[in-house]
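See the structures that follow.
Shared between the two complexes below is chain A, which has chain B as its partner in the first and chain C in the second.
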Partner chain A sequence: MYIDTYAYSNRWRKVHPGEKGLFALLCLTSALLSRTALLPLAVAAITITMTVLGAGIPWRNYLRLALLPALFLLWSCLALAVSFSGGEIHLAEIPFLHLTISLSRQGIDQAELALARSLGASLSLLFLALTTPMTEIMGLLRSLGAPRLMIELMTIAYRQIFVFLEITGQIRAAQEARLGYASPRLAMKSLAGLTGNILLRSLSRARQNHQALLARGYDSKLRFLSPPHNWSPRNLAAAVAAGITLNILALAIHP
Partner chain B sequence: MTTPVLELHEVSFTYPGGVTALDGFSAGITRGRRTAVLGRNGSGKTTLFSLLNGLKRPQKGVIKLNGEPLRYDRQGLLKLRQAVGMVFQDPDSQLFSACIYEDISFGPLNLGLPEAEIRNRVDKALTQMKLTDVANRPTHALSFGQKKRACIAGVLAMQPHVLILDEPFAGLDPVMAKEFMVVLDQLHQDGTSLIIATHDLDLAYAWADDVIILQDGHLLTQGKASEQLVLPSVHNELGAAPLVAELGRVLALTGTDVYGNGYHPRTGTELVQALIHQSRQEIDP
Partner chain C sequence: MHIMEGFLPVAHAASWGAVSTVCVGFGLRSIAAAVKDKPELKMLLGVSAAFTFILSALKLPSVTGSCSHPTGTGLGAILFGPLAMAPLAAIVLLFQAILLAHGGLTTLGANIFSMGVVGPLAGYTVYNLARKCSIPASLSIFMAASLADLTTYATTAAQLAFAFPDPLGGFGASLVKFLGIFAVTQIPLAISEGLLTVLIYSFIQKHSSDELASLGFNLPGEEERI
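Take a look at the complex of A and B:
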């Protein structure tokens, strides 16, 4: 839930979501297009700086959020670096049963590039996620012509997540207050009760929501306007200039 | 006598399961007044509100808006829902978006208004409900009172003549309730007819001009709040009487007539003032 809290409270909250979105998108494409590991790492460094120093997300929590995908990437790239068949130039070989686990220069290069690219790309997206509230990202998708049904579902689902969490918390607290989780056996029973209860509550809530929408003239189209944001020519120019430069570099630099 | 803004003639509504919520129910809502609807749980208040907003259609009887029977086609319903706004008891069942700006724009957009007009109305509703400062926050970070105000803003943006509120004071602390009362008074002064459902007799006695009291899907009585809420039959049905009215009655029995000079205290504060006024007169006639 850190992400959601920061998205609403960061220093760049008022910046037009289009400017942030464009910047994140251009960073993403340059990281993915790059053929050297250096450029995506530069993209990562830029987005980290923007998120921590620019938008003012505390670096400790940023690290915590970024570490999860980074560790995941690291492990998968380790798997990319080693091969079981064996390449031409082996840097190291470990016999393993009747196979040979080998580490080749080529494999390392490949893993390095993949790691850098995915790191740059995911940190670009993390920048957007931490600086722009979900509703504004949805508004952005909507103005880019995303299907109406998808936006409606996202809007309602996003809102309902929090309602759902609240109800779950309440029922769980009520169960715990009556020692519902005192033993593993009781815990299983309580959990079953919780799940069933939530299903019923969700159904009745859906009915209520539908009635409330009808009361305001709903006719199977969920129409709404996004709050107005002002484009800043300076921000837009900076985002486009930086983004395009990165993309040109990505295309120009050969290993 | 002007036409009531809303009237029900011999209206019956039975749920698919066979439960009859309203049976031959007739009542009228006077334009520009504050009406409280009272009745025990299950007496048909919620069904009544759903009928008034066109969410349900009566199997028998007629409902009239400004003297004209309701039409249940698309245009008719849209017209009705523009004229009669409905605020639900639980804000979480009304707010569909995590952004209250988006939520408030929903109603006016359904009315097919131009965008500039809608944005104007949203801004006005936000100001009116004192939500401008929190409009940037997500719905899930708002307090219960703020969510409730956001619900009302979403209905006000449709500029209804009649505003129906189901238990508007439930769950509000006394400070919020007082603030909310000011908001309702403002709407009343602007000429909106207000209808609220409540279980709070003291509140109904203090706030409402008129009352409609339901009993098992029938009309028990309706009329001026000050006259109806002191009836023994009403006490019997609702299980209590307004405290101020009771105190006034007991004081009158002991020789202190707080209703002197045509004065009619409706709240505890007004009663205390009336007593102070009386004791001064006794000391210094």
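Take a look at the complex of A and C:
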């Protein structure tokens, strides 16, 4: 979970989460609204610069983090470009099913636009994820009026994730040391033991947490404090100006 | 299988978002009512969301060697009922989008609909139907878990086909295309998740059916042990 680590240790940790959130959100909408491939790519370039040069995330690790969604994206866009019902460029023919695999001009255009949009949008989100810790994002959601129950469930879940990650790592290492993943059959059995164990632990953990809450005067409300942040008028103005410009450009530029 | 951030056009992203907001709202209301009855449930659901997130970080051995992970939708629907799954899926998907860069904010609605609404509903219905027809517990669980996965994947393919109809063949041709392309990873995943869920279920039943019963889970009785 590199992303979470950087969220707490980057250079822009102290910047008000609302400013970062607003900027990321405006970048996201401009990438989504644009009708040409060029603007989302510009958004991608801006967010990369902000994340690597601004927030100071090491670029090697940034690349590694961005590569996985990018590969997944390429695979999805390949699906967009390919057509089974005929197109200008024939690629292959499947003899028994009478199917031809081909690329159509329209399909390629569609895939190109989707790829650019999605890249711009994903990198905008990655900017927010790498600069703002989950707890502060939850604080933002709370002040935006998300249902209290939802935020409470999220907070419980977020805290528990790291406990489980540690237990999972330990059990997995123990299983691997005993050749638990040597064959697919064994791997399935080990995985079931691992998951079953974590599930049981989560049930007993839930009971313990509840009892701990009761012991501390739980009245069916969980209250959280957000760390104080100061709005910076300069940052806010820059974020809003850049974001709105991008959105206007997205709406104005026609293919 | 999640739709990537920014992949859906604005109108589609917004409408799936609206549909899912309604579903999550219903789910939250049902959870709130249940929590009034049994205050422990809130902690239990929160911890279960964390459990589901951890599940998604585990790799399943699958036939094609592709990277796929269990989703836990089937198991969750059997344990908690289908209504509670929409808010849980919303939390898990948001965490995946932000902590793992998998999925996204604008496609959250579409993903919640396929993973948190359609999948659990299918799994829950199949499980209950199979139990009514006195099909053995292990087979019912296998069917519920794999069908939850399969319907999730079919819904995602349909959402993509709606958004990107084939220039010549329209929605139908596009649907067949997406179903075909993602079948490579999703069908082995459904089978291995089905098997895994049966193993997990028999594991927890062997070791703590009493604990589960005290929380009000309706596991099949003693004589029906897997």
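Just so we're on the same page, the second predicted complex is superposed on the first by the 209 of 255 C-alpha atoms of A that agree within 3 Å, B and C clash if a C-alpha of one lies under 4 Å from a C-alpha of the other, contacts with A are read in each partner's own complex, and residues count from 1 in each chain.
The rule we apply is simple: a residue touches a chain if its C-beta (ideal position, glycine included) is under 8 Å from a C-beta of that chain, and two chains touch if they have at least 3 such contacts.
On a predicted model such as this, the values are computed, not experimentally measured, just so you know.
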{"item": "Partner, of chain C and chain B, that touches more residues belonging to chain A", "value": "C"}
{"item": "First, second, both or neither for A:Thr155, with chain B first and chain C second", "value": "both"}
{"item": "Touching partner for A:Pro228 - first (chain B), second (chain C), both, neither", "value": "first"}
{"item": "First, second, both or neither for A:Gly193, with chain B first and chain C second", "value": "second"}
{"item": "Contacts of A:Leu28 with chain B and chain C, given as first, second, both or neither", "value": "second"}
{"item": "Which of chain B and chain C A:Asp4 touches, first, second, both or neither", "value": "both"}
{"item": "Partner chain in contact with A:Phe164 - chain B first, chain C second, else both or neither", "value": "second"}
{"item": "Contacts of A:Asn209 with chain B and chain C, given as first, second, both or neither", "value": "both"}
{"item": "Touching partner for A:Ser220 - first (chain B), second (chain C), both, neither", "value": "second"}
{"item": "First (chain B), second (chain C), both or neither touched by A:Met134", "value": "both"}
{"item": "Intersection of chain A interface sets (partners chain B, chain C)", "value": "4, 134, 155-156, 158-159, 163, 205, 209, 213, 218"}
{"item": "Contact set on chain A toward chain B in their complex", "value": "4, 8, 13, 133-136, 155-156, 158-159, 162-163, 166, 205, 208-209, 211-219, 222-228"}
{"item": "Chain A-touching residues of chain C, taken from the complex the two chains share", "value": "4-7, 9-10, 13, 24-25, 28, 31-32, 35, 39-40, 42-51, 53-55, 57-58, 60-61, 70, 87-88, 90-92, 94-95, 97-102, 104-106, 160, 164, 166-169, 173, 176-178, 180-182, 192, 195-196, 199-200, 203-204, 207-208, 211-212, 215"}
{"item": "Residue ranges of chain A in contact with chain C within the complex", "value": "1, 3-4, 28, 31-33, 40, 65-66, 68-69, 72-73, 76, 78-80, 82-87, 104, 106-107, 110, 114, 117-122, 125-126, 128-129, 134, 137, 147, 149-150, 152-161, 163-165, 168, 184, 187-189, 191-200, 202-207, 209-210, 213, 218, 220"}
{"item": "List of chain B residues in touch with chain A within their complex", "value": "50, 53, 55, 74, 77-78, 81-82, 85-86, 88, 90, 92-99, 101-103, 105-107, 109-111, 115, 118-119, 122, 135-141, 154-155, 158"}
